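We call the chains A, B, C and D, going by the order they appear; numbering starts again at 1 in every chain.
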Amino acid sequence: MLKDIPVLSLIALIPLAGAVLLLFLPGRRSTWPRGVALAFTAIPLILSAWLFAGYEPILGGKAFAEHFTWLSIPLNAEAWGPDAAVASYRLVFDYRLGIDGISLPLVLLTGVVSLMAAIASVHIRKRWKTYYALFLLLQTGMYGVFLARDLTLFFIFFELTLIPMFFLIGIWGYFGREKAANRFLLYNGLGSAFMLFAFLILIATLGFSAEAATAGGNAFSFTGDYEVLLAHLSDPNAPANIAQPGNAMYLSDSLKWTAFVLLLIAFGIKLPIFPFHTWMLKVHTEAPPSVVMIHSGILLKMGVYGLIRFGAFLLPEQLDAWAPVLATLGVINILYGAVLACAQKEFKLVLAYSSISHMGIVLLGIASLNEIGLQGAIYQAVSHGLISALLFLVVGTLYERTGTTKLDELGGLARSVPFTAGILLTAGLASLGLPGLSGFVGEFLAFLGLFGSMKALTAVGALGVLLAAVYVLRSVLGITFGPMPERFIGMKDARFVEALPMVALAAVILVLGVYPSLLTDLMQHGFDGLLKQLSTKAGG
Amino acid sequence: MSMLASYLTLAAVLFCIGFYGVLTKRNAIIVLLSIELMLNAVNLNLVAFSKYGVNPALTGQIFSLFTMTVAAAEAAVGIAVLIVLYRSKATVNADEFDELRR
Amino acid sequence: MNTLQWSDTWYLAPEITLAAFTIALAVLDLMLPNRTNRDLVGWLSLLGLAAAGVFVGWQMYDLHAGGAASAAHSLLGGSYRVDDFGNLLKLAFLAATFLIVLASLGTIRQAEMPIKGEFYYLVLPAVLGAMVMSSSGDLITLFVGLELLSITSYVLVAARKTSGLSSEAAFKYYVTGGTASAFILYGMSFLYGVTGSTSLSAIGQGIGPALADYRAMVYVAFFLMIGGFALKLALAPFHAWAPDVYQGAPTPVTSFLAVVAKGAAFAMLYRIFLNTAMYASDQINGSAVRDDLFLALAVLAAAAMVVGTTGALRQHHAKRLLALSGVANAGILLVPLSLDVSNLHASLFSEFFYYLVAYVFMNVGAFAVLSVIAREKGDEAVSAFAGLYHRAPWTAGGMTVLLCSLAGLPVTGGFFGKLFILFGTVQTRAYWLAALLLATTVVSYYVYFSFIRQMYMRSGDTDQGLRVPVPAGIVIWLSVAATLALGVLPKLFMGWIDDVFSILADFLF
Amino acid sequence: MATVFSPYAWLVPAFPFVAFAVLTAFGRSLSRTGAWLATAGTFLSLVLSLVIAIERMTGAAEDYRGGYEWLRIGDFSLPFGFEVTNLAALMLVVVTLVAFLVNLYSLGYMKGDDRISVFFAYVSLFTFSMLGLVLADNLLLLYIFWELVGVCSFLLVGFWYQKPEAKAAAKKAFIVTRIGDIGLLIAILLLFWYMPDHALDFVSLHNVFDPQNGGTISLGITTLIALLIFLGAAGKSGQFPLHVWLPDAMEGPTPISALIHAATMVAAGVFLVVRTFDVFEASQAAMDTVAIIGAFTAIFAATIGLAQNDIKRVLAYSTVSQLGYMMLALGVGSVPGAMFHLFTHAFFKALLFLGAGSVIHAVHTQDIREMGGLGRRMKITAWTFGIGALSLSGIPPLAGFWSKDAILAAALADRPWLFVVGAIAAFFTALYMSRLFFLVFFGKPRGEHGAQAKESPGVMTFPLLVLAALAVVAGFANTPWNGWLGQWLTGNAEADHASALAIVVSVAVGLLGFYIGWLVYVKGAVRRDVLSSRLPGVVRLLERKYYIDELYAWLFVRPLRALGDALTAFDTHVVDGAVRLVGAAANGIGKLNTRLQNGQLQTYGLAGLLALVVLVVAIAGRRFW
């Protein structure tokens, strides 16, 4: 039954439908928008859970691939120019959705975190209608990014996340919201510009293919279809691989490197990789917590996903050659982020830098170029998504009550809000990689994978684990332990709507920590293609 | 050919003078006149070409007729605009027309 | 058959219609007593524009009636051509003018423009000029069209008689325009000199051989014209007049200048470059004149994009800002032409035209919103948009779409327009242009989102609802709809252009 | 002989876990019953582990292994299983027994604390993790539980979270042990990539590192692995230089000190080394390191213990010192010695802590200078504490004597100079224990509470009695003339290096130490400040624990803080500055344009002219010259 309905499109577009619907509903009070938003956020989650149930790693999700010809644009229908046999060139941007072991975990992550963030949006005080509409629009963007199987489509969805985020930060944020919103928009816009550049280069070379000859002569097309690009990559007869003068579609090594570096920067900004991380500090501190849940929980993962999906799969040689660079960058990320996290006086900043540190671990996983590491990277991405979402949920809840997130103004909250404090402690332990919680698995797999190839670097990176303990305990204990200021006496503990997502997220984190196979089984064959590529490169 | 060359040179000189006037003269009237000067340089060019150019024909001269007519119309409008402007600004100094800036 | 036949009048129907309406309306405007509202004239001119549009469409249908992929009808000895290039642009111009006039109905205040009638019937000859420019096959006709457009638009700019700004703008526009015409004309004269003809096709054939002994003169000819066009198109650094003029002119005229005048100049540029400059290279001693000329265009385009966008960063006056954005967009529009036309990249016109249409809609729409706000607040600063979200949420939403299109964000016409142009640059491996295009696009986010910040994140002095006049509302929503349509289904339009237009039949003849 | 009960060994940790789950779920509603419930859970596991142990003692049942696959990636798989060996069985008994007694004791000790259910939840969680650690059949699983016990210890040390000291101590405990954990983690990574088919379970470890089929892994790597594992062990077992957290950990409730920081968790390090002993045996360098570190820790901590005035800290340092002994034993290759001492030490050290707890309970202070004369008021506590003290000081025939003697004998046989060190440490041990004992229970009451101190309730004294009994008899499990325990543990008959010399010396130093203590603190024959007046420097040095904490502050804490601040500046000014610079650049170009817009038409024209000239010269000009 799963095969009959376009479940992927439903997942991607239902939130959009919700957003449109919202525009026509009364927005005086929060009830209507909130209800609709929750409903339209829950449905995709259910659908993706359904997907999860029906997914078979062996098939690699081929069963779910969807494709409508969206636009195939005639570039030139002339028999003109040097080779007159040419009938037409077409530019084919198709609507292609697909799913595999790499994207499915992230889709699930998106579903879970979005729903939790939607529930946690009780802290939003104004313009509910607009807020939830944008919130849903954002979801469409995110799902689309993880599901798209066409470069242009991917780019469009990627851009689509920028606009709602700009509003969400700029309207509902804290004091410095406008600056933060601008910073976000420009920096990420730059990133997507780099990405588009790389994509177009690839489309113009790898994407070139001859179609069935028509009456007028041969028909050629440029396509952004991911599968086609992959096929051409390994096909020696593809024009992109034929080095002869005058072949405008030849994908020379220099071009490959250009594309690779462009992609690395593009997704490095999202990830973020040092030194492209400063924008996300502002977002973390200025955006409303429920938005940061999405941002830190999912948006950063789009960088991870893109880097693997395109950087790794489409340009394996470059990745292979640059694995040490990536690993070094990863280690820098880990240590830099960790050390800075140790020095912050604002809890949100601690979390921001800890995100940088954790994303470094993802980089290590990617750099390992073996299955363990790559799975570790994805796993780390997912678990970090959940953990940071949970942490920011707690931050929001605490800010509601204490009105501050400065470490030196907080303290002893375990007495007045024991439940929240307990959750915070749990989340903290998860983020410092305590076994039995999801954080550990990703970390361990990433390190394990990289250790196969680069021992020393891994060992250095492992110091991050120690520093993680330092900054997490420093901040978390600073908030929950110690003597409590009088003004916090008589604070109410988390309400049900706040407690519900906390418990849910904590539960997921625990389950993933205790029984990782839940996710790793999905990824089982996800990387086969890439690994084959690499092995052949190594062989020949 | 030398004939042509001299005509062209003269035209070029005229054109340059005109352009120079446009760029430097403070009096707006003079500026308008300078534009006319440039157009006349063109006419000279056209006529010269139509006489001494490659396969001489009347086309050039006809072109120059068009040019003159149009130039006349243009000049008329220009003067009109200038008059309106003078009404509101009470000056014809081009460099005082800088209310629109930055 | 070099003389005008009766049969030819049919092909000139659109132009004739416009001319007729112009005269009729002028007379009518004189006749009407002063107290009667001149909107009547406005509606009539709308009628005229519509009629002309219908004729154009009819002719396009005719051209392809025989199922011929593409044909062109040339009359008056090839000095005037009715072809798809011309027709497409004519449609665009007519549509744009139609929207502008429609929007102006009800938004122009009497105080702003004492004699509205003039505006309504002077727009028509301006469009006529633009149409002539877009479908001439001869230097003379091109020049006449250009002047027709320019002279009328001088007057239009000055339409706000009472305001000194308006007339100053008119003066500046006049001087620049005159100088530009002079340059173009001077260049043309040399072109005529080296080839001995004013017909584009003849020049095209003659220019290759002429290179042998007149190379310098060819350079002079084309660079003079390039200079002139750069001035007309306000390509940086020839652009400095544009913000002043746009600011001084009445808003509808501003958007007319930004859209139609620009488009017409582009039409002329295409005519001249694709018919003559294309052939300015001889294989014998392979002088690279052609490449130089196109390179010059590319450089100008790049400069325009950079200067326009960065200049807009520091601009707080909405009209000046849009003027600078116009500079940047002119640059973008110039990119496809400046790219090397090879058998891989013959889609330059489709790219250009697609973006032009997108640009028409987003600009006209934006100007309409601006005029509505300005009319009500009498202030044309960007800050006038403050709190628009609270006052008119839907209008704010529409404006947001238009701005996204200007900024080239999906899913809007602007996005795909830029995407196609970008792809062209990458295809022809003009990576530096692509990089600049992308960079300026990112910078432009800041520029255009400054409106959005005002609308959504600042609270204006007042919160009572903003009344949007019906015609303006229609225009705004038409533009928004068109922008979105172009963004969601580019195929329809792009495919249509490709079916209709043939680079072989329309140029390179 | 097939084993009957071992397949159910997984139940042993299961009971406490259930208790933990129940308590966390609805702890608040059932405060005191919850406590009883936890105790009951531990009791069940105690029974079961006793059964298992007895079964294994009566007939030599073969080791049992069970489990399932935890994680499979491609062709690597990480199993998740438990293994019952004699060693495991012994540890099960020790852990469950002490845990049960501590639970019982806490019922009295923690009475009236409003978070008592939380306390018992933590304790149950700890018991579960510790048992899991004992049963784990592979290194990864062991590591997981290893971390869990660490967290429990952290939670319990910080149980009174409002005390800043508790907070600091908890943080310190976690972070310092974490250092060791990283070592262990890297060791695991190494093993994963070097072991044939990535096996991590102890059996294959044993086979791979077995001398006869050795050589599969190079000596260098082996040493590296061994040292990294030992780093982990040192972290947990408070070996020098990672011992600093253990004394501070005494901020936790006293029962916790008894359970975690004396009997079980801190011994986990020793257990780990024993579990992976094959790796160590394969590398002499590693063995030497272990032995030397152990010996040094033993004497180093003992000396500090001499100068402490906090009753619990004295005991803490003695724990460190005793753990040093165990490491020493391992270093000189005597697994039985180490395990035996671990076994006895668990009892008498738990006894001492609980006794100390009962004292603190009575006088509400931990400073021994404010105690005194409690012997008459708290008979049971005094007697049991005395037994514990004597046992620790190695006075025959108490348990401590036998185990310590075994170690010293082994050291003597292997490296005599280590034996000397050990003997001196033993002397100090006896000395500070006697000091402690006499100061607390003899003389006049000094603190204000001392006068009306009274004996603790039954739930608290009963465990004391049990432990005291064990502290007396446990030693006979392995005496020089019958090495039963050693045989049972290692399977092969241990070549016991029983030597008269060792016995004599250890007895001598023990008695001497105690005698001196008696002279000084009871009889007053020697003035107490004899040392502090003669060489104050030494005493100060000991009181300040050799300034190790200060050293660390200088070496790590401050540099880290400084680096953090430096990088923050770097981040805000350099990295972000670069970003701002880009923005400024764009703005700058814009400014140029604004400069041009001066409203002067002729300026515009001039700009155009210049541009045109440049364009022509640049593009066309190059063709002509």
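Here is the rule we go by: a residue touches a chain if its C-beta (ideal position, glycine included) is under 8 Å from a C-beta of that chain, and two chains touch if they have at least 3 such contacts.
Just so it is clear, the structure is predicted and the values come from calculations on it, not from any experiment.
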item	value
Most widely separated chain from subunit A, with each centre as the mean of CA atoms	B
Per-chain Cα centre nearest the global Cα centre, belonging to chain	A
Rounded Å distance between subunit A and subunit D, as computed from the means of their C-alpha atoms	39
Centre distance in Å when subunit C and subunit D are each reduced to the mean of their C-alpha atoms	79
Distance from the mean Cα position of subunit C to that of subunit B, given in whole angstrom	25
Approximate Å spacing (C-alpha centroids) for the pair subunit A, subunit B	63
Residues of subunit C whose C-beta touches two or more other chains	171-172, 175, 179, 243-244, 443
Multi-partner residues of subunit B (each touching 2 or more other chains)	19, 22, 97, 99-101
Per-residue overlap in subunit D, given as positions that touch at least 2 other chains	594, 597, 599, 601, 605
Touch relationships between chains, expressed as pairs	A-C, A-D, B-C, B-D, C-D
Partner subunit A, residues of subunit C touching it in the complex	69, 342-347, 350, 404, 409-411, 415, 419-420, 422-423, 426-427, 429, 434-435, 438-439, 441-443, 445-446, 449, 452-453, 456-457, 489-491, 494-495, 498, 502-504
Complex contact set, residues of subunit D against subunit A	69-74, 76, 143-145, 147-148, 151, 158, 161-162, 164, 166-167, 170-171, 174-175, 178-179, 181-182, 185-186, 189-190, 192-193, 560-561, 563-565, 567-568, 571, 575-576, 578-579, 583
Subunit D contact footprint on subunit A (complex, rising order)	186-187, 274-275, 277-279, 336, 339-340, 342-344, 371-372, 375, 412, 414-415, 429, 434-436, 440-441, 444-445, 447-448, 451-452, 455, 458-459, 462-463, 465-466, 469-470, 473-474, 477, 480-484, 515-517, 520-521, 524
Subunit D residues within the subunit B interface of the complex	594, 597-602, 605-606, 609
For the subunit C and subunit B complex, residues of the former touching the latter	139-140, 143-144, 147, 150-151, 154-155, 158, 161-165, 167-172, 174-175, 178-179, 181-183, 185-186, 188-190, 192-198, 206, 210, 243-245, 247-248
